[in-house]
Structure formats: C-alpha cells, structure tokens
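The following blocks contain the structures, represented as structure tokens.
One chain, chain A, links the two complexes that follow: it is found with chain B in the first and with chain C in the second.
For the complex of A and B:
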C-alpha cells in the first residue's frame, strides 16, 4: 500500500462517494468535514425523487462504505500551501497532512428564501422552505403544518432569477416540488395542492412519470406562472397573487401553507479555500472547472479536482456519477505524474 | 406575522439623510389637492425643527405626469429635471428634497440612468444648454420629503401635543400606511425599508403612538396609476382598484390611512365618496369613511396644528371622527372658513357618506 493521501474536502454525498471509490482504487483518501457527521444536505432529506426512495437508507449505505476511511469531523481547513506537487494542509484541530491531490466536494448552500422578500419568508408564519417541509416529513414536528387544506409550491425560488443574480437552473427543484406535492397530498388527502412553475424541467429518468403521477393520481394542479406577491389576511391565512400564463389571467388565492422551492447557491466560505488553492469561480459563484467537457472534474490548478454541486447545481445521481469520475481522474493524475508507488488490488 | 423579520429588512434598507440645508421642490398637484400639506411641511421643518429649506420661484413641474402617461419622451423629462438641478446648483444647495413621490421616482430613475449611461447625461447637458443656457450639478443627496419627516419623527414625537392613540380607551389607533408606488418599487434601496415592507410611514406611525395594519392588498396601487385615471375610459380600473383595497382593509377597522404620495390620499379619499354613492357602503363606522391623510397632515395633527389650518376640510371624508378619537379640540363651525374668516362655502351632503 502506498502512503499517498488524497484529501477530500467536504463529507456530503460527493465527498463520501469519491472517498469510497478512491479507497477501492487502492488510494488513501481522508475526508475533512466541517460538521459533526457525514451526509451533507442528504442528511436533512426524508425521501428522494423521483420514486420517493428512503434518503436515510441511501445515506446509511454511503456512510457504511466510508467506515474504514479516515475522516476528520468538526474540522476546517486553516491553510494550504503547495510545494513540488505536494499540498501541505493545516487543519483547525492542529493536525496537518501532506496530500498528493485534493478533491473539492464542498457542495452548495440552499438559497436563502428571505432574499425574495415578496414571498414573505420570515415575515408570514405559514411560508416555509422545501428543506423545512422535508424536515417535517422526517419528524412530523412543525406547528405551522396543521391540517392544511390548500397548499402552494413556488418553483424556481432563487433560480433562473436575474433579480437575485442567479440566472441558472438548480435542476432539482421541479422534481422535488412534485415529489413533495404528492407526499403532502398523501398526508392530507383532502387538501388542494398547486405548483406554480415557470417551466417544468422533468429531464431525468422517471421524472416525467412523476409529473404524470402527480397529476393523475394526486390531482396536483400545475399552474404555469410565478407568484408575485404573498401577504397575510386577518385570519392568518396567506393570500397570494400569481399569473396563469397559459390562461393569460392574473389569479389570487388564499392558502394555508406556501412552500418555497429554494435552489442551490455556492457554498458559503468556499472562497477562503479557493484563495488558498488559487481556484477561480464562474460568474454564478460556483467553482470553475478546467473545461465543460473533458475537464469537468478538474480545476485549472494541477492536482485539485472537483465533484458534485460545488461546480454547478446537480441531482444526486449526477453527483454520484461525478464523484466516481473524479476518483478515476485522481488515479490517472497520480499515475501520469509518476507519483504512484502502488499497484491496484483486485 | 413575524415582526422580527420585518425589522431585519428595515435595518437592511436604511439610508443617510443630511442634517440640514435642503433645496425643496413642490409638487404640481398637491397644492390643489391638499393645500395645507406642503406649507405644513415647511413650517414644521423650518420653525419647529430649525432646518434650512430653500425654494426657488423658478421651479416647474418635473414632467413626471407627462412622462408616465407617455406624452413626452424620456429625454424631455430628463432635460426638465436637469433644469431643476441647475436651479439647485445656482442656489448654492446640494441636498435635493422633493415633495412628490413621482418626482422622487423620476429623479432617482434619471440619476441611475445617467450613472449607467454617461453618454445620455452628456446629451442632456447639451439639450439643457441649447434650450436654457444653463448648466447643472447633480445633487449630492436626493430625498423624498417623507424621508425628512421620517428622519426627524422622534423629534416630532417629543414636540407632539397629541398621539395616534384613542384618547378615551388609551388604545393605539389602527393605521393603514400607503406608500406611493414610485417611492421604492423601482429602486428598493432608495427607500427606507425597501420595496416590499417600506418603513418610512411605519416609522412615523409607531413613533407617534399608532399601530400599523398589514392587510392583503397593502402593496396595491391606490387607484391613480396615471393611465388608469388620466384616460377617462380607464377610470373603472381606477375605482375598482381602490375598492379592492378598501374591501381588503375593512376587517381590520382602520382609524386612519397615512400616505406619502400626491395621488394616493386624493384617490383613497375621493373614491370613498363615489363608492358610497354607487354601492351605499362606507368603510368607517356610522356612515363615515376612513380619513386618508398626508404624512404632513398627520404630523401637523400630532403637533397640535389647527385641523382647519392644515386644510383638512378639503378632504371628502370627514375628519371629525379621527379628531374626536385623538382628543383634538376643534371648532366645527370654523370648518369651512378660510383665512380671515372668509366663507369657503359648505358642500352639499352626499346621500351615503357623512361629511361632518
């Protein structure tokens, strides 16, 4: 076995899968995670689109695969220098590592819903986010969700929106909205559920089936139009205004609950690590890759790789696929640079 | 309602206001609509707060009404505005304060457009020189007059004789605040509190003892909307818009509407009469309407000005129920007396809404 270490920064799905694959390739990954457990956003989710698979089961599988992998939880990077293709990495726990390669798996932050002030998040009690609804599904503990009769979902909150400087699509919100719409309808069968969308981007395997199921089996009403304003009436119910662009008419509706489908944004604090590594961002804030075809796992800095939603919004299957690809790219990089003193174990 | 959420937004949307020395420009229409407002503003700021406000006799319309009703192109509106800035510059002032919300919107839009397109500013300089032989300097600071009252609201509260409190029950009056659309909807950062939850009038109401109502149609236009009213065929849109607002605020039983725009108090006041005559419905108690006042009028009331000196008899909706709630003494017989006791004439009582 070699002693070359590969530092994985971030212990979400991308980091866990990259580490697992690197280990299978005979390398020695180390996961650095700033929180107290592995899992990232996946740990906050109850079920996964398109088929409402159990998020906990997937997470447990991923964690199990990482049992024998060295990891540092509650740990932050304090400094990185590079000398002769070796990265000298200092950690907040006082430890340091010499690494042959670094894989950035720093993920994303959910868009802060209060920035879209017209939706009234943080102002009106019954406006919640997709993450909060998912937490409710996990715990059934949220006093705002109390036998709602009429529920709205707003797609593209903080995505495809010039006003908040996020012009990209977050890719997961359409499918998540329809998944959550079906789930809340399952829980409250007498409720009416509306999804306000710009375009329904149901591009992945099983997504279109989810869209049809939502309408046929759950009577989810999809309205093509954005919500422009949310307020509260004297009974504490939400009054929303929107436009139905297919019917060409403005609409006003009273709701018991409004769920904002917050999109993805670059992870906070990532610039600090980027500066240490001389890694740039795209205009959208996500980490720049070497190119958009063959260099998707590479940064422009030799030895620094990327996987997952730190470079752009991604679904979980895309993240896992990219993590696997990153592991192969790291392996090839070390081999091509003659830094390998090991052989693959089969 | 989560008040802390609004407070956070209010803290995010603050702006600096100079302490003194302002060039003040009046509105085209306010002196006709509610003639006591601007003179009260100047009296409060000059004589109660001791501030320097200068007016130029050469000031004209900002062109906003023509601009927003598509009668003149933007370059013409900008040249008119450039001339106002030249008057300020010639007078030795740098802080520009306008009475009108639409003017504030036009000035803000012009300055922001010149910032983004300096070549347009150069073009307007040439137009101004060609037409008036004047040169202008852009204001160092641009404020709406309600920003000034907002800035000094606590000082006004210290000097207040009355509060926005029901004198009999001790309960705060329930106040609807209505912000002119052109205050911050175009440029949220230019208004206190931003576009969605403006603080400029909320701050005044709370400083003077009242309680603000947040009702579903709070953000809706008053009904003026320029082309909604200026084009006669569209006036149905105007009144239906205003009607929608009153239906929405009705369950909260407001005592007062406070506004900071020339058109808003006018339409929220006059359309109550029309709605009452058309439908038989009034939104105040006992056949009265809900008084819709300018912020200067409200400031004047709390500071103890005579209601008739403030011009409150010019409102369609009777002001007396509000005066009684606040415990303000007034002479009912003097309501329709002008300066030196001149008889202004007494309006005929409408069928469905009480005038006094």
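For the complex of A and C:
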C-alpha cells in the first residue's frame, strides 16, 4: 500500500517553507517541481529589498532545510482524482501518490513585457526587464548594459493597468525598482537614474527608509507619471515621453537604458491543475481562497491548501509567513479529520 | 349618369391640401435655413444636366424601387417597392385615366369647380365614371387592379413583419408610440378599403379581375347596395385624410422628405448645423425602419440599442434638448455601420458631430508647443531635392512601434527615398479634436501639419493610421500630394514588384478598420497583400459589415466593460474560420484586439515585413 503523503505543488520559497514546516510537524511532505531545481523566482534574483540582502544566501538556507524532504524535480502532474478525502495523484514520470492533502505553491509568472508594445520591449535593444537587470547584477553579463549615463525605471508594467486586464497592484515592484535603482547607481555612479511611478507604495518594514535613502544617498529622481511612449533615435538611444503629473508638464527624455518593472501574473498552466481539483480563480486569474481573512490558506475544496503568490502578489516575507501558516492549517486539518497519515504517525 | 360631386370626397381634399401645404412650407424653410453658399450650390445642381439626371435616377431607384433594401433584404425590398411603386403607379395611372375618360370632359363647369374636381377625381374615379367598353379603358382597369393587388401583397408582408420580425430577417425593430400606430393602421387599411369601395360599385361602374370579378362577385354577390357602398367610400376617404393629417408628424414624412434629401445630397451638401437645413431633411427622411439597430456594435450590450441612430434621430426630431440627446450623441463609436445599412444613406454621424460641436466640453487646449515644432530635417533635405515620399506615423502608431519599425524596413527594402516626418513625435492629426466637435482647435493642428508636410516637397504621403487617414483625406488641403494608407502603398509596391514577398501557408483573418473600410472603401488592397503572403480566411461579417473593434476614439463616454463586449463580439466574427493570426491595418484596432484576442494580432505592415524576400 502507498504511504499517504502531503503533496506540495511548486518548489519555490512557498513550497520549500511549507514542506520544511510540515516535516518539522512530523508529517511527510513531497515537493513536486516542474523545473530541475528548487527555488522558483528567488533563484533568478541577486539581492533582495529593502536592505539588498543576498538572495543566494536565503535560497541556500531554504534548500538546505529541504535536503531530507522527498522531492520530484522535472515532474509535472498528469492527473488528480479524489476519493474519500484521499487524492490520487499521477505524475509525468509514471509515479503516483496517494495524498491526504495538497498544498498549491505554484507562485506567479512575471508579466510579459512585450504585451505593452508602447514600451518597446523586444523591439528596442536597450529596453530590459527587472528580471534581466537582476540577472545582470548576478552575472555582469549583458551587452545591453554598457556604461549607461541615463537610466529610467518604469513602475507598474502590467500592474494596475486595465489595458492589459490587470487591475491589481503587484506589491513588490516599487521597492524592487528603488532597490535596483540604488544598485545600478552604485555600479555606475556617474549615471542619472529616474523612476517613473504612479504611486510609491512603500508599505513594508524598511521600505520607506529605502525610499529616503534612494533619494538622499543615491540621488534617484522619482517622477510621478507614467511613461507613455518610447522610441529610438538614430544613435540607438531611447527617447521617452512621460508626464510629470505633480508639475503638470509633459516631459521628453533621452535614455541609455530603460528598465520595465514587470509585475506578477497568475502562473501559466495552473488552470490545468485547478480543473483537476475543481478550484476556481478570481477575476484577476489568481487562485480563489476560501475567504479573505480566516481562510487565506484554504481553497473551497476540502484538503486543498494554498500558500504564497499563487493567490495574489506577495512579498517574500509574506510568502514565508503564509507558508508556515499553511503548514499549521494542514496539520490541524489532518488531526481534526483523523486522516490516515496522522493516525499512523501519532 | 353618375353624380359629379359627393361630400365624401371632402376629408380627402382637406387632408391632401394640408399635407401639400405642410410639405411646401417645410421645404421652403429647409432651403432658407441652408447657408448661402449651399443654397447656391443647390440651385446650380438643379440646372446642371448631369446632376439632374442623377437626381431623376436616384428618385426612381431609391424612392420607388428601393434598390438598396432589395440588395440587403429582398423580402423587405419587395414590401417597400410594392407599396411605394404600386401607389405611385396608381396615382399616375389614375390621373391619366381620369384625363382620358373624365366624365366632366364635355361639361361646361366653372373653372374653380373644374380644378377642384380634378383634385379628387383620379382618387375616386371608379365612383364617378362608368367604364368605357373600349380596350384602352379595359387595359387601364386591369392595370389599376394589378397595382392595387401589388400594394395589398406588400401590406400583407408588412403585417407579417410587424407580428414576427424574424420572418423577414430582423432581430429587433424600432419601438413606436400611439401616433405611429395610428398612422400605420390608417396606411394599412387605405388599400383594402379602396378595394372594398371599388368592388362594391364595380357592378355598375366596372372594374377588372380584382375589383369586379373577385371583389364584386365574391364579396358582394354581384349586387349593389347604395348605402353600404357610400359608407365604404366615406371610410376610404376618411382613412386617407387621417393618414395625410398625421403623416407630417410621423415616420411616413420620409416619403416626401426623401425626395428633397436626394436633391440636396446630389447638390453636394453636408450637415453643418444639427437641427437646421440639410440635417432637417435627413432627420425627416428617416423612416425609423430600424435596420441600424441590429448592426450597431453597441447593441451587443443590452439597453444600448436605445442609443442607435434611429432613436438618436427621433429625439433630435422631437426637438429634445441638447442635454437629453447628450448621451446618445457622445456614446456613438462613429463606426458608420448604421449609415452603411441605411436605405436612405442618412449621414447620422455628421448630425452627431454637429451636435457635439454645440456642446461645451471643459477641455483646455494649449497649442503653444506648436511654435517649437521645428522642421528638423529641412537642412539635410536641401541636398537631396528628389524627395518623393513622406511617412507620417501618427500618435497611435508611435505606441505600436512594431508598425513603425516594419514600415521603415519596408521603405528600405523598396529602396524608397523617404522621410519619416514625425519620427521625433507627431503633432496630432486633428481627428480626436474633430470628434469632440472642436473644429477650431483641430484646424490649428491641421494647419501646422500641413505646413510641415508641404515644406518637405514630397508628392506622396504615407500614413499608418486610418484615424489620421480620414482627417487627412477630408480636412487637409494638401494639393498635389497623394495621400495613401500603408495598405495602399504596400499593395502598390507589391504590384509594381518593388517589393518581393515570400508566401507561406499561414492562415490570416483580416479585420477592416472602420475608418479605412467603410469610410473610404479600402477593402481590396489589404486583401490583395494578404493573398500574396498566405491564406486569407473569411470572417462572419467582412468589409462594409465589419464590426468595430470596440476601441474607437469616436465614443466619448462608452465604458471599458461595454467596449470589451464589442471587442469580444468582433473577435468572434473574425475568427469564425479559425485563422492562425488576425491582421488589421489600424494601430488602435491592433491594441484593442490584443487585449482580448486568443490568437496573435498583427498589423499588415508587420506580416509584410516578416515575409520580405531579401534575396
């Protein structure tokens, strides 16, 4: 007979932390990850806001905690059926599991910047995304970033924008933009750095300090107004048009580099799993939770839990907190229902 | 011997006099409301043989035969032309008959009486004259019966249409009030009553297959009852009188108004004032048929059908105040589909534009920047005098840099000596200002652009945006400079083999932008281009029936949710034959579709650029 487990779908920070906490609670989590390593988007990042902490160090710590945990990398879910509160899960590698509970930690996709054609990503050479800049910080290998003198950051790309059907705030881009602005200024001290924002939502611990530091210590110029149009001049430099809505004047500026702060969108392919589990999405595409206060780790399907950015955009501290909460919720659920896993173990 | 007068003719004579006076006064008012220049044009058109011939042709085709309705909905076409043409023939033949066989011909009547009798005699001829035994008289009788039957058959269809619009291919029809019901019922009963009245007396005065043989023999048993017959003639006359007294205040005013509209239109006039002159002729010409309701893209959203052209015109006609028609005026997408299907071709968009011009919008326009817009390249241009083509991308194309990119590489591949005149940012073409009725402001922009384009010395202007194209074609005075949309330009490059294209077996659907297709009939060029690149799939409603993408800048008030419904509906139409990609030729359509389309949407310049044969 198969040993009953708790299946964690997605091996990013949410999945790793949930698995680690469940293990500590004495249960048997299994992480199913479609890529070849754990870490999710965190693995692409160099440093983390607000204090530019090393992303690699955090990732290493989280991975270490997961060493003893059963994982299935390069694996996708092919089918899930539910019978008497037990999930029968088949995997792409031919294995199958019987699970007492499932935790969805499927995270998010970065908004595809090509969809905002007016910013010229994929058309003009010197337009890059936040993820690409982070990759540059990590590797210092990007020929587009070549001693830029004037750099612009566009906030809210694909967030709070009805024109791409995303009306929500992605929560992390404001702080990321200021962090990256400071970092690039550090790298190229002679450059001028501009941030074009709608609102600066510096809500978290230490974020406001980051904002002040960026202005005071790094001379980052924050302009309230959206960039409306990007074009390229004969020398291959970017000409942007924007409006400074505080001064009420249109502006035109020539830049060497434009960084698009792509927001979060629902993970692609997640509908497939949602259909298997009969779980709905909200209008914004993210997974629906049982309610908005007390059931944030629950879905409307008994035994299916959620953690992290699969239900809405979240910062890393939020994700980790939610992952821990999910572990407790799973524990309580199994205990209350007298599930097999639980009776075996205790 | 029949009497030469009977009091039953009086209601008709009064009604006829009233309606004639009303129409003459109305017509005079309209003509005097026209601006002086327009009035002169109108008079000139009436003495120019060419326009006069056009007038006559259109009066027959449109007023009597309703050719335009025949083309779209044959059954409705038959309904209209049987009633209109049949009635017309009855009037003409009735007059000819009454002249030929007038019972008063040999009488010595005072002039006044003779004139008065000529007013009612053709209408009630069968009552006053006994049929001649000659063949000529019999032919007249037959023809009169024939056209009467034709009209009655049309009325049968009209009754069916009223009961079940679906039977004649309409989803929704216009809703009417009591007055319209009254006039409709009076119209429907005129000819059955005429038939009964004529049949009742046919035994004495004669008739043909319908009145004498079917009517008199079958209904009245071949006998003649004087009282019954007289009652029927009274009813017939009263019914005519009701119709004529109510006509000026109902949709049937379109019968006389259409004739005037045709003359004014052929004189080249256009609406300048929303409630005066030409617009009045258009408003009264609207038959409230409601063909525009089903095709209006806004009707996708429930309740929005109330904003369609027919209701807008009705409210203007009712002299509703500006604020009562404000929403209808501002919500319209200006896609022009209502005009396309309108059997009378009423340019309701012009009326809406003129109405918008009357509304004060709190827009502060600051054109001080125009001063600083320098002609940056004029210096370098002096060296190369042979500049032929300028490219004006427009603001929307600047937001879709894939289009401008593609155009640049197409120009280069065709080795065109061109200049990207607004590479550094455009001055708006003026169309958005025109659409908000701010004509003066629009003209300021138009003047600046005209100056810049003329200075370039080019003789050809290529545009990427149909919104610009419309205003450039209609408002700009660029004498000597050919204005082309890039679909036309690229098509020419392909046809003259200046551009070689690789063919693939990709399936493309083409969406006609309103301001390129319906506005200027540019349908073949883009299709020809796509034929050279891959396979063109048919949409559900193509060309002049293409559905607005929903993004139109024509509407000032429509909500995003309403726009989305229109976009989804339009996408459904386009993708009905499962294309691989959607192609359009307007940056605004492109952006609008891209939001909601399940498949790739591209501009035609992009797919051309992707398939240029470089070898």
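Here is the rule we go by: the second predicted complex is superposed on the first by the 335 of 346 C-alpha atoms of A that agree within 3 Å, B and C clash if a C-alpha of one lies under 4 Å from a C-alpha of the other, contacts with A are read in each partner's own complex, and residues count from 1 in each chain.
Assume a contact is a pair of C-beta atoms (placed from the backbone, for glycine too) under 8 Å apart; a residue touches a chain by one contact, two chains touch by 3 or more.
Keep in mind that what you see is a predicted model, and the values were worked out from it rather than measured.
Following the overlay on chain A, a clash is recorded for the pair chain B and chain C.
In the superposition on chain A, A:125 makes contact with chain B only, not with chain C. Legend: residue contacts after superposition of the two complexes on their common chain; A:117 is shown touching both chain B and chain C.
By the touch criterion stated above, A:231 is placed in contact with chain B and with chain C alike.
Between chain B and chain C, C touches the greater number of residues of chain A.
Look at A:74: by the touch rule set out above, it reaches neither chain B nor chain C.
For the superposition on chain A, the stretches of chain B under consideration are 41-49, 131-139 or 329-337; the one running into chain C is 131-139.
Common to the chain B and chain C interfaces on chain A are residues 117-118, 123-124, 229, 231-233, 239.
Chain contact summary for the complex, chain B toward chain A: residues 1-2, 4-6, 8-9, 194-197, 214-219, 251-252. The touching residues of chain A, when paired with chain B in their complex, are 114, 117-118, 121-125, 229, 231-234, 239.
On chain C, the positions that touch chain A within their shared complex are 398-402, 404-405, 423-425, 560, 591, 594-596.
Looking at the complex, you find that chain A touches chain C at residues 115, 117-118, 120, 123-124, 162-165, 228-233, 239, 241, 252.
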